[in-house]
Amino acid sequence: MSIVYSLLELLFVLLLSPLFIGILNTIEERLESKQGPSIFQPYYDLIKLFHKEILVPQVSSPIYRLGPYVVFTFYLFLSIILPIITAFPLAFAPSADFIGGGLFFGAAAAIKKFSAIDSRSNYAHLGTSRAASIGALSEPITMLIFIMLGVLSNTNNPFVINQVLRSSSEWYFSLLHGFVTIAFFLVLIIETGQLPIESHSNAELGMIDDAIPFEYSGPDLAIYKWGTYMKKFILMSVFLNVYLIPFGVATEQDGLLGVVIYMGIHLLKLTGLVIVFALINTTVSKFRLYKNFDFLAVVFALAFLASLAYYIVRY
Amino acid sequence: MNYIFEIIGFILIVLTLLMQWEVYVTNIILLFSLSTVFVSTFLVLLGFSRPEGNYLLFVLAGLTLTIRGIVIPVIMSRALHRLYDKPWRVREDKPMMGVGGSILVSLVLIVLGYYIYQNSLYEVLKIRSGAVPFALFMQASLLIISRRHAYIQMIGFLVMENAVVMLSGWVFSGLPFVVEAGAILDLLGLVVVSSLIIRVREQAIMEEGESYESELRG
Amino acid sequence: MNTTDLFYLLPIGCSVGGAILCLIPIPWFERIVSLIASITAFLSAIYILVFLPTMTNSYVYIDGLSKLVLFTVALVYVSTVLYSLTYLKHIKNPLFKTRLYYLLLNVFASTMFFSVSMDNIGLIWVGIEATTVSSALLVATENNNATIESAWRYVIIVSTGLVISLIATTFIYGSSGTLSISQLMIYHPVNRVFLIGILLAIIGFGTKAGIFPMHTWLPDVHGKAPAPVSAIFSGVLLPVALYAMARVIQIYPSPVVTTFALTLGVLTVVVAALMMTVQENYKRMFAYSSMENMGMILIGFSLGQGGLLGAVIIIIAHGLAKSAVFFFTGDVLSTYGSTSMGDVKGLLGRLPRTAGGLFMGAMAVTGAPPFPVFIGELFIFAELIRQYGWGIAATVMLFLAIAFISVNFKVGKMIFTGGKLYPKEKAHKATWVPIVNLSLSLLSLFFIPYFEQFLHKFLIP
């Protein structure tokens, strides 16, 4: 039975992740009093890209072509081990705990960068070096956030953490949880590439993540983009399900119907988060490049203060 | 009540951390004003939690809010407006450490303050959460030491006073009213006098730079 | 509080009244008013000293120690006002008008009277913080960059130290439930929170008094402030902060507290003596000499008994002599225009009265006999040897000797070399004020038995 759930979760992430990026873009445009694209535009883009031809630079090696597919596989794997539609661990969930999940994200980012550098393009190098320097600081912060939330339940299991936060209001309203949630929200801004870290234009002055797939074309680019959409979807779902609103996630007793109902509720939660992102994107302006590191210092300080709050309050 | 104290204490630490992040002086003054609002909220809640209805605490909270939260920031921004022609652009021109470095150093100081408190004063006072005002005190001293701009040093000193109010309010259930009121009025006088001195000092720094440091050595 | 009690508040009232009357914008009015206010404050201080008994009610705590310090403050206040009458026109670039200067001077004196007479430690703290507020602008009277910078450093360093004192006050209040000195002296609570409070109070008030390691503002301020302001700082502001420390030590006379205070005092003397040898600016040199004397006073307070008597003798004698010395340096500065010792030559020929006074004053403040500073140091050494043996006493004596030699050598170089370089000038109008101060300092030698009578209750072991 849990294999069915795993398959359901996989299809859920696979099919619905471009939708939310489409919703984000449309709401941003509507907030700026423009009409904006339809919310299914990313689907149309992906389908269009599958019909185009692939152009490969002569100087690149096989790593260049393999990169997007490997990354896509990582994200597919992550979508069946993290709590996205269920509150109980599914068939493959014991393969990796929270820290393992974080490490997988890091590995996927590393492979992305290797394959991008392999294209020998200047823009790809630019984006990779910037993303690497920001990533060098944001990956440990992500690790710290995951570990600090693990002290709630003395495990690293996101499902157990979800259960603890759901049942005990003492932990939910504690300082540790507050700090970690705020820190993770800010890391989410960094990882999903929202303002004030990165804007969606192709201007060289500020491109970080948009510059990495500069040389890809055709189905490679489609798989790459789809992987990016899935990463954003998974991270946002983890944020909502484990950190912010752990209530209402389908448990074992609810059965198949409960899980399907929860999938609908989850779509609504994600839409709420996407609206918040759209509001932030239309309000703040982009940071100067070196100011990103000061921002990261503040996020690190917040995550660190979470551990201090734990020691002062609980120990 | 312990819980509210910890929340407000940590909010104050975060606000001071944001003060380390900001480089523009007007924003730092605003952040200080906000943190004073939190301190007077804490005093009001402390007054509510006392069963004997100690209304002096409410008066003290109101006094803190008015003088430290409104009057002093207004005096400082007026002085800024008089001194510079584009006051919203005034910032720390010669930072000693840079923003990221000072945030990390202030984190180290917070941990250090916590350890010093744990090992020395905790056995004496027996209250765990007293480490929070202590850490705030050390962060404020970093603000004073690492910045050259006189307004930021002044704000650092005022944050130190806030930390003392929090410490005395929670760990020792408050100081006598006359002392606290005297402290607040002294502070007002200090800020008025300092804004006069600062005005002349910043003008002198703007004109000449620091050729007089050699006279003040030895 | 009945009417006789109001007499104790009379010095405060006189100086505050003088300050308020200074606001009236009639030319020359502020000087007359300040003069009258300071003389009436002085007369009331003598009245309190001689006629009124020791008194404690819930607001005021006046015993022998407070009366003597009150008297010193009033005397130096009068002499400063008298000297400022003619000195102010020598300041080249004043920051504010003379009316504001006299207003601040009166307010400053009133806050010092306030700090010395109050019973509540918290109110003493408020008074000392108020002295910072009112003296900050006085330091910056002359409007140049270094002066303003030194005034700003003074404000920040002293205010930070006073925040530490505020924490100490909360500890004291929290652990004993009261802040009144009279009650604390009777009950003598003993627990660790109280101890930490007392130690922090010593550190905090020590910042104001110029004790190592918080002394860094002292030479800057004295080097740059005008002469009457330096005189009133060294003469009475530092002893008032030490008065607060003395009260705090008296409340909790445990070995930890006294050893701590003794260590700080010895370190202050050592550092001051060493720094004095390399000075080029005579005002800074005399500032370090003040710091050394404050260290000796702190040693005296921490020893108690005979040391306390020695400390009080030094407070009175040093207050008078050091203010006289700073007045003389004011004369020298206004004549030569430079504060560097290399520029001052041939003082004996140019201003013989000032030269003679400066020479005598330098000997007085560094502890040469027959000036009473020497007698006070003798009392302190006797107590030190009795309680701690010869080792520490010999070290302190060595550093005092180093300070004595360096100060007098440099002063002698200023006065006696140069010969007939400059023609003899007319002495300044107010040079008689420091001469009077210096002779009063010498004359107080004969009043030592009366001081002992005032401090009688502290001297019995």
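Read from first to last, the chains carry the letters A, B and C; within each, the first residue is number 1.
By definition in this document, a contact is a pair of C-beta atoms (placed from the backbone, for glycine too) under 8 Å apart; a residue touches a chain by one contact, two chains touch by 3 or more.
As the structure is a prediction and not an experimental result, all values here were calculated from the model.
Steps from subunit A to subunit C, taking the shortest chain of touch contacts, total 2. With chains reduced to the mean position of their C-alpha atoms, the one farthest from subunit C is A. The innermost chain, defined by the distance from its C-alpha mean to the mean of all protein C-alpha atoms, is B.
The pair with more inter-chain C-beta contacts, choosing from B-C and A-B, is B-C.
Each chain gets one centre point, the mean of its Cα atoms, and the points for subunit A and subunit C are 67 Å apart. If you average the Cα atoms of subunit B and of subunit C, the two centres end up 31 Å apart. Separating the CA-averaged centres of subunit A and subunit B is a span of 38 Å. In subunit C, no residue reaches two or more other chains under the touch definition. Residues of subunit B that touch subunit A in their complex: 6-7, 10, 13-14, 17-18, 21, 99-100, 103-104, 106-107, 110-111, 114, 128-129, 131-132. Those residues of subunit A that touch subunit B in the shared complex are 175, 179, 293-294, 296-298, 300-302, 304-305, 308-309, 311-313. Those residues of subunit C that touch subunit B in the complex are listed here as 95, 120, 122-123, 125-126, 129-130, 132-134, 136-137, 140, 143-146, 148-153, 155-156, 159-160, 163, 166-167, 169-171, 173-174, 179, 192-193, 196, 219-220, 223-224, 275, 278-280, 284. Contact residues on subunit B toward subunit C in their complex (touch as defined above): 121, 123-125, 141, 144, 150, 153-154, 157, 160-161, 164, 167-168, 171-173, 175-176, 178-179, 182-183, 186, 189-190, 193-194, 196-198, 200-201, 204-205, 208, 211-213, 215-216, 218.
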